[in-house]
Amino acid sequence: MTNQILPSSNLLRVNGLVKHFPIYKGFIFQKQVGAVHAVDNVSFDVKRGETLGLVGESGCGKSTTGRTILQFYRPDAGHVYMEDVDLVSLKGEDLRKMRRKMQMIFQDPYASLNPRMTVGEIIAEPLLAHHLADRKEAIEKVGSLLHLVGLNPAYYHRYPHEFSGGQRQRVGVARALSLEPSLIVCDEPISALDVSIQAQVVNLLEDLQAQFNLTYIFIAHDLSMVRHISDRVAVMYLGVIMELTDREELYTHPLHPYTQALLSAVPIPDPKKERRRQRIILQGDVPSPVNPPSGCRFRTRCPLAAPICAEQAPEFREIATDHHVACHMV
Amino acid sequence: MNLFAHIVRRLLLMIPMLIGITLLLFIVTHMVPTNPLTVILPEKSLNDPEIVKAATIKWGLDKPLYQQYLIYLGNLLHGDMGVSFKTKNPVTFDLEQFLPATVELSIASFIFALLIGLPLGIISALKSGSIVDHFTRVIALLGASIPPFWSGLIVLFIFWFKLRWLPGPGRIDARMAAPPTVTGSFLIDSLLAHNMPAFWSSVTHLILPAIILGWFTLAITARITRSSMLEVLQMDYIRTARAKGLTEWVVVIFHALRNALIPLITIIGLAFAGLMSGAIMTETIFSWPGIGRYAVMAATNLDFPAIMGVTLLIAVLFMFINLTVDIIYTIIDPRIREM
Amino acid sequence: MSELLLNVKDLRTRFHTRDGLVHAVNGVSFFVKEGETLGIVGESGCGKSVTVMSILRLIPSPPGEVVSGEALYLGRDLLKMSNDEIRHIRGSQLSMVFQDPMTSFNPVMTIGHQVAEPLMAHQEMTRKQAYARAAELLNLVGIPNASERLGDYPHQFSGGMRQRAMIAMALSCNPPLFIADEPSTALDVTIQAQILDLVKHLRDEFGMAVIWITHDLGIIAGLADRVAVMYAGFIIEEAAVDDLYDHPSHPYTIGLLGSLPRMDESGQRRLTSIEGMPPVLYQPPTECPFLSRCTYKIDRCSKENPSLMPVDDDHRAACWVDTTTGKSRA
Amino acid sequence: MTEQTANIGIPVISARQSDSPTRRRIRAVTHNPMAMAGLAIIIFWSVVAIFSGVIAPYDPLAQNVEDRLAAPSAQHLFGTDELGRDEFSRVIYGSRISLPVGLLVIVFAMVVGSLIGASAGYVGGIYDLLIMRVADITLAFPPIVLALAIAAVLGPSLNNALIAMIVVWWPEFSRLMRGQVLSVKNNEYVAAATIIGISRTQILFKHILPNTFAPILVKASLDAGSVILTIAAMSFIGLGVVPPTPEWGSMVSSGRFVFYSWWLTTFPGLAIMTVVLGFNFFGDGVRDAFDPRMLGS
């Protein structure tokens, strides 16, 4: 799939994206006492039709990155170009209209559906809001969308609580698809689901991508699944992209010490391989994003850390073709 | 953790609240058609323009409202709440006279409520669905449904008028002299004066009003203890405690109750509001010379300075109770200390 | 041949819910030998946690109820003991670590006290002795400056540290059997690797037997000697770890392994998904509970619920079909 | 991993629930014996109030000097008062005040309070700050104390007591509603609506407000009893409904001066208690029915 796409056909360009969440204190006169450095200077491109995996541990800023791209959070700095339109410069009605082209599938299939609306109303809502259909057409369209995601169109009048997690996630997928977007940000779409259901949803996402030439940003912490679904993978740590490259390259030749540790930590369902594996066990916890370490953010847990790592943040450079790494030691 | 700084900050935060409270009270008592002079002056004098004018100036009624408020605020800072139209005493003096009786009654009723309500709540949580549990539920619902001004009359009718087991209204037998005032509590003062008859009389006089007043608090305590215990008993850490092999007693008292107390304390703080409402009724029925009765007197006589004074006092008491609750909170729950 | 430590026979547990009686555990039998690690695998709601909680008699009743069965610990039935006897076994002979380290500690008690509690309860240590031992234990599980952190409250510990402290608490009385109920599920991969490493290390050092409950077949592969797979309250397959991964015999196990993406696998194989979802049993099933999702089913499956039957030496599966040939087993 | 209750891991999803959240809640209320018992009491008193004229054997205001302070008898079921008025008829007519007044206050406080609270929560900023400080200040007084002060100043009358009660009661609803709006605003489905491109007004009316009402309704049904109780208390003190209008609180009040005529306090008091108990039963049942833990996911 990937190699058929020309390198210039970028659907999305993210450039120097920064999102900090201020922390306020005080009852009456609130003043800012700090900020959560959720996303710090993140840049990448997404090609039309590809899946970019965004992995990292909790609190690394991967979900915030997804939501800032979609302008749910407005970035503090940086640009997001969607088909060469800078989303950051858009406001109000202009932005609302652009939302048609980019949608999201949420992590929690329970919380992301309004409990008081029927499944049909939920899927029809975007169509009506963007005046893409009248009520009658919308009902018809919803029926075919339900069918498309593998649900019985007769479920139109049912409420979300009547469905299982996997089925609700299908409803979420149908809602995202209803506007026929080019880009879908999948924010941990399977992490709340059971193992046997995860495969159902992932297969569905893959089928839909092939059918509609969709572009995905697939946010997840499950490295095995990311390897399975992505064309390219970006590894995040404390709001920064540490490594970004082709899937095969990343999993067979990880260059960043964090990527190496992360990959070695993932258990493999094969007892013989597990017995032979050497693990890199990282010491300690992820530091707080309120006071991230100076220089390289990974240095406090890095087995290769040197004095320079504390002084200077490593540049995110292209080490080999299409292989970007932010590390002084490679 | 810095508990002291926390308390100081909370105290400072009370200042704007206090200003707001006085302002609200001032607006309430001054934005009305009733002319206070009709209360201050005898009816005959109202027709005499000279007297009316003198009184207007004397009570500062000729000045614009905002000036009257500033004067009122300035006086408040000097502990001057004005002079009661009715008793002609300074309101602060009156309140000092009436407050101790209310404090004594409140504490007695609170002790009664907690002594019965807490165990009742704990038992019904542990044995939910049992007879005790149903009993607690009935008590709780009755507590919130019985008008205290009525139940007070009923118990007086039964235990005083019919059975003659307990004395009637008042703080002490009318034939006895009140003990010399030291703390203001008849119980303590009579003990200090080694006056046992006065002590017993005070105790017996306290029983009925304390029960009637405490009933509502008891109901709330039992119900909140129950629901809060039920919730805590579901928690993962209770399972952990059991999995460690601790005795049920340790699990319930040390692991569960301490966590269950956290919401309970808030509610008990709020129950004070209920206590004040109850005190107004209870003190009226039992001729109890407390601020509840003073409030009723002031309200029914349109005694504005007294109304403002007593309402302000109750609001301030209420605020301090909430502050205390807040401090107890930080002591019980280590998570709050960090903030 | 090492000795039999725990032998569970025909355990049945039910729950009274608003929707009716739920049959959560339906005649489960398994055993654990001294020093052995048994993995229990299954998706949420399959009854794996309920099984071990029933054995420790930690099922809240109501709504739960252990209906029948035996759980022989060194020959004595845990289910028939007095409350006092079972209490002495819990935490000293059989100790347990739970899934969520965030909620499993009492928030208003210090970590030190909570780790010391079992020592005071079971080994009649004084407070001082118990606290000193608690510091040693926290040190053992890798908490830096352990003796200074005894006075810390749980919220001052990170998730990984809390789980370490949990393990310290569980190990305080040197229990012969250690039960871990998804202790690493709520943690990040790198922290999970730390915890797994720690448990393996402690297990080898103390020679204790372990029951490890998880939904993650990867974790079990690297940890267990034997594996039991649960589905809808039944153990549907049981085998030595290598055997199970090499020759899965029950269609559910086959499906589960096939639905997992693997990090060591290149090429985008399509995941085999198991359609449908696990049933909630309001009645004990008269058919195979996996029937509706099974691709191997034969006539007999809808008439009779299979019990575990031998497939090979030490390998049993509850299926009428020989999945290697697709023919009936009988 | 999510399809389970907190501790025991039983899936709560089943095919047996098949209607809207609203209908499920209504059914939960109608299936709650407490709530239904309460409702029965409320309906009973409502019927009494509507048909007072038919039920009451005498004119509640008609005085009969020869028959003063008569003990309960076949002629006068609840006896007569110091002016010889039939106590039974007065208790019957009293329902015409307590019930509608209580409902009026609670509905007004709920509507006004919720509107103010919702706007504060949605708009935020200085407006929110201001509104909430006013609410805080009002809440710094125990309700009856402030109501007493207001009613005293306005003068004793039913209308003034009503105004005082509404003034005292709105902030609690505001605070609750504001909290609701703020928490619902943070729900993922609101985020989803934003990302889909739904307009702000649509989000407020379709996604936020409909999901905020449950606790407001629970509070209203729980508070109705205490409102009725407070109004009776104010009349008892003499700052609510004034004689000769038959009102239960003031009837208890006038009864206490003729202490030995126990029926004069007992019956109106019982009336207050049963009505309040009815509302409390109902409110309690509604709360149970609306408890999210009882509703599954």
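Chains: A, B, C and D, in written order; residue numbering restarts at 1 for each.
Going forward, a residue touches a chain if its C-beta (ideal position, glycine included) is under 8 Å from a C-beta of that chain, and two chains touch if they have at least 3 such contacts.
This structure is a prediction, so every number in the text was calculated from the model and none was measured.
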| Which pair, B-D or A-D, has more C-beta contacts? | B-D
| remark: Centre-most chain by CA centroid is D
| note | The distance between the C-alpha centres of chain A and chain B, rounded to whole Å, is 56
| field | Distance from the mean Cα position of chain D to that of chain C, given in whole angstrom | value | 50
| task | Provide the C-alpha centroid distance between chain B and chain D, rounded to the nearest whole angstrom. | result | 23
| said: Rounded to a whole Å, what is the gap between the Cα centroids of chain A and chain D? | reply: 49
| request: Could you list the positions in chain D whose residues touch two or more of the other chains? | output: 1-3, 7, 13, 296
| said: Quick check: what residues of chain C touch more than one other chain, meaning two or more? | reply: 44, 60, 215, 278
| remark: Each of the following residues of chain B touches two or more other chains, namely 16, 234, 236, 239
| What part of chain A is in contact with chain D in the complex they form? | 67, 70, 72, 96-97, 99-100, 103-104, 106, 108, 110-118, 125-126, 129-130, 158-159, 161-165, 172, 175, 179, 192-194
| field | chain C residues touching chain B - in the complex, by the definition given at the top | value | 56, 58, 60, 62, 83, 87-92, 95-96, 98, 100, 103-109, 117-118, 121-122, 153, 155, 166, 169
| said: Quick check on the complex: what are the chain A residues that touch chain C? | reply: 57-58, 164, 166, 194-200, 202-203, 206, 221, 223-225, 227-229, 248, 251-252, 261-275, 277, 279, 281-282, 285-286
| What does chain D use to touch chain B in their complex? | 6-7, 133-134, 136-138, 140-146, 148-155, 225-226, 229-230, 232-233, 236-239, 249, 252-253, 255-256, 259-260, 262, 265-266, 268-269, 272-273, 276-277, 280-281, 284
| message | Residue numbers of chain B touching chain D in their complex, please. | response | 16-17, 20-21, 23-25, 28-29, 32, 34, 141-142, 144-151, 153-154, 156-157, 161, 234, 236, 239, 272-274, 276-277, 280-281, 284-285, 295-296, 298-300, 302, 304, 307-308, 311, 314-315, 318-319
